[in-house]
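One chain, chain A, appears in both complexes that follow, with chain B as partner in the first and chain C in the second.
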Partner chain A sequence: MEFSGTKDGGFLVLSVGGRMDAMTAKEFEDECARWIEAGEKRLVIDLSGLEYISSAGLRSILMLAKKLKAQAGDLAFCALSEMVTEIFTVSGFVKMLPVFATRAEALARP
Partner chain B sequence: MRADESLRLPARLESLEPFRVLALRAADRAGLSAEAVGRMELVLEEALVNIVRHAYGAGEGEMELDCGVPEPGRVVLVLRDWGAPFDPLHVRDQSLEEGLVANLEADLDDREPGGMGLFFIRSMSEASYSRVAEANELTLGIA
Partner chain C sequence: MFYPKDELLADVGRQALVSGVLSGGGFLLLALVVAFIARGITRPLRRLAGVAHAVAQGDLDAPLPTLRTRDEVSDLAEAFGHMQGALKEHIRELTTATASRERMESELRIARDIQMGILPKLFPPFPNRSEIDLYASLEPAREVGGDFYDFFPCGSDCFCFLIGDVSGKGVPAAFYMAVAKTLIKALADSACQQVEGVPDPGEILARANEDLAQDNESCMFVTIFLATLDMRDGQVRYASAGHNPPVLMRRGAKPEYLPSRQDPVAGAMPGMSFVTDSLRLETGDALLLYTDGVTEAMNPAKEFFSDARLLELAAELTGPDSGLDAKGVCAGLATAVHAFANGADQSDDITLLTLRYVGTGKKQGS
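The block that comes next holds the complex of A and B.
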């Protein structure tokens, strides 16, 4: 997987590219853990470059969301591809987590 | 179904990629839509990961994939392992099934991480299971 993190106001925007599956989901967990350890508590994950996700990826996202909430942080997603949108919808993740069409909308939150 | 291509490999996560490549070739022959290819990759991964994690306990074993294109626009995958009998399509405990449905609606605090893989297999492919001799055989149809 490919990652690219940038600060934007109070948020850390992490662009994620590639495939998040049983082989690679750990890379996403490790990347997020590094940012959280560095003090970032409000993460916006830009998924425009993510072409595929499986239940292993959803599991990593769920654990990350719980971890951030426990630390009074938060986690939002934006710019989902078609495949990832379908999986987020079928699994109920669109109702459980903040999901935005664009990065600008995700960053416009209080 | 006559399989066009078949592959047998150790039941390990490292085997996922060669199986995926084989299935993608069948999808190409069938002319599947991009949307159907995504569903195919997903149900294949979930079914293989399930075999890797559960079929042989702490031991070693193999898994096999047959890919066929019975007609244009349709791929049939048959997954085989020689582990303990397990039907991923049959939920013995009704409360488990109800728990899974409630889990899909749960908020972040109550959401449990498990159960999604089998849910995807059942909801995103035409799946059937049979125990053939000493093997678990899971057939997944994607159109």
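The block that comes next holds the complex of A and C.
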């Protein structure tokens, strides 16, 4: 998987690319853990480069959401591809987590 | 003056003889010395070769020849000794590793038997009820997996059927699957007893979600499609916890996916609600439940089997000329998925459940 993190206002925007499945989900967890350890508590995950996400990847996302919630941080997702949107929709993740169409919308939150 | 030739050459001949004897003897002596030295080198080498043969035959404890001299041969013997020791160590480790792997494999095989054992496998499920034709199959991708299906009676004229898929794979998924399946069954059973008539699938899922989300440190979750069928009139009530929408196959119409409410997966977060929808199966209509191991089966080119292909195939298998029963539909789908994968590794469990409503033979609604 490929990652690139940039600061934008109070948020850290993490662009994620590749496939997030049972083999690679750990990379995503580790990458997020690094940012959180570095003091970032408000994460916006840009998924425009994500081609596929399996249930193992969804589990990693849940763990991240729980972790940030416990630290009074927050988490949002933006720019999902068609395939990932479908998976987020069918699994009800759009009801559990904040999902935005564009990065700008995700960053416009208070 | 004449001298006899013999007399004249006698000295020369004697000298030649002496030098001949001397050189010949010297040569012989040299040859003996060379042979002696060579033996001194080759004998330990030959003995080493003998030990190497013995080691090759599996005798790792074959004793090495003891050498008194310190030279290249003794270095070789020493290196050989190290190799023998390392080989012994390696083989011991390998034996231990193999034993523990075999133990794991045997445990996994037993776990698989237990897991498959908790899935109902007797078909037809309700031999005395001719209203329905139901079949289900599950093929784990590994020894154990996280998919499951279930069906059981609920009251005298109703029954529950469901399919589920736990996040992840392997032993953790298998554990969670056993917990989820047992929980749903218990909740549905108690709902069946409490409510006269038919329990509410959405309500059952909401309760299951509460239980599963408690202390769920591992953040595992499960997608479930849960439905009840009233065998008298084909009334189906259903709710979905983030599960792939089933295919509705109306007789004489194109198959279609049930609309999704986008309700969340179970176990992820407490406090979720799940909508119960209903539909009515007419005689000859069928529902196909599946897990994403079907639609996300991949071929060697990394293409997905896809929702679209599943719909096409469902149309083919349940068309007016197919004449297939529920078992035939499941088998046809499984075969098609394997043919599509074309030898690529099966990455997820493949689970299918087909329910065909045969009806009561009476005109419905009367």
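The rule is simple: the second predicted complex is superposed on the first by the 110 of 110 C-alpha atoms of A that agree within 3 Å, B and C clash if a C-alpha of one lies under 4 Å from a C-alpha of the other, contacts with A are read in each partner's own complex, and residues count from 1 in each chain.
The criterion applied here is as follows: contacts are C-beta pairs under 8 Å (C-beta built on N, C-alpha and C of every residue); 3 or more make two chains touch, one makes a residue touch a chain.
Treat the numbers as computed from the prediction; the structure is a model and nothing was measured.
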| item | value |
| --- | --- |
| Partner chain(s) touched by A:L62 [first = chain B, second = chain C, both, neither] | both |
| First (chain B), second (chain C), both or neither touched by A:T89 | second |
| Partner chain in contact with A:A22 - chain B first, chain C second, else both or neither | both |
| First (chain B), second (chain C), both or neither touched by A:K7 | neither |
| Footprint overlap on chain A, comparing chain B with chain C | 22, 54-56, 58-59, 62-63, 66, 90-92, 95-96 |
| Chain A residues within the chain B interface of the complex | 21-23, 52, 54-56, 58-59, 62-63, 65-66, 69, 82-83, 86-87, 90-92, 95-97 |
| Residue ranges of chain A in contact with chain C within the complex | 22, 54-56, 58-59, 62-63, 66, 89-96 |
| Footprint of chain A on chain B - complex, ascending | 13, 16-17, 34-35, 38, 41-42, 45-46, 49, 103-109, 111, 113, 116-117, 119-120, 123-124 |
| Touching residues (chain side chain C, partner chain A) in the complex | 165-169, 218-221, 223, 241-245, 260, 262-265, 268-269, 272, 292, 296, 348 |
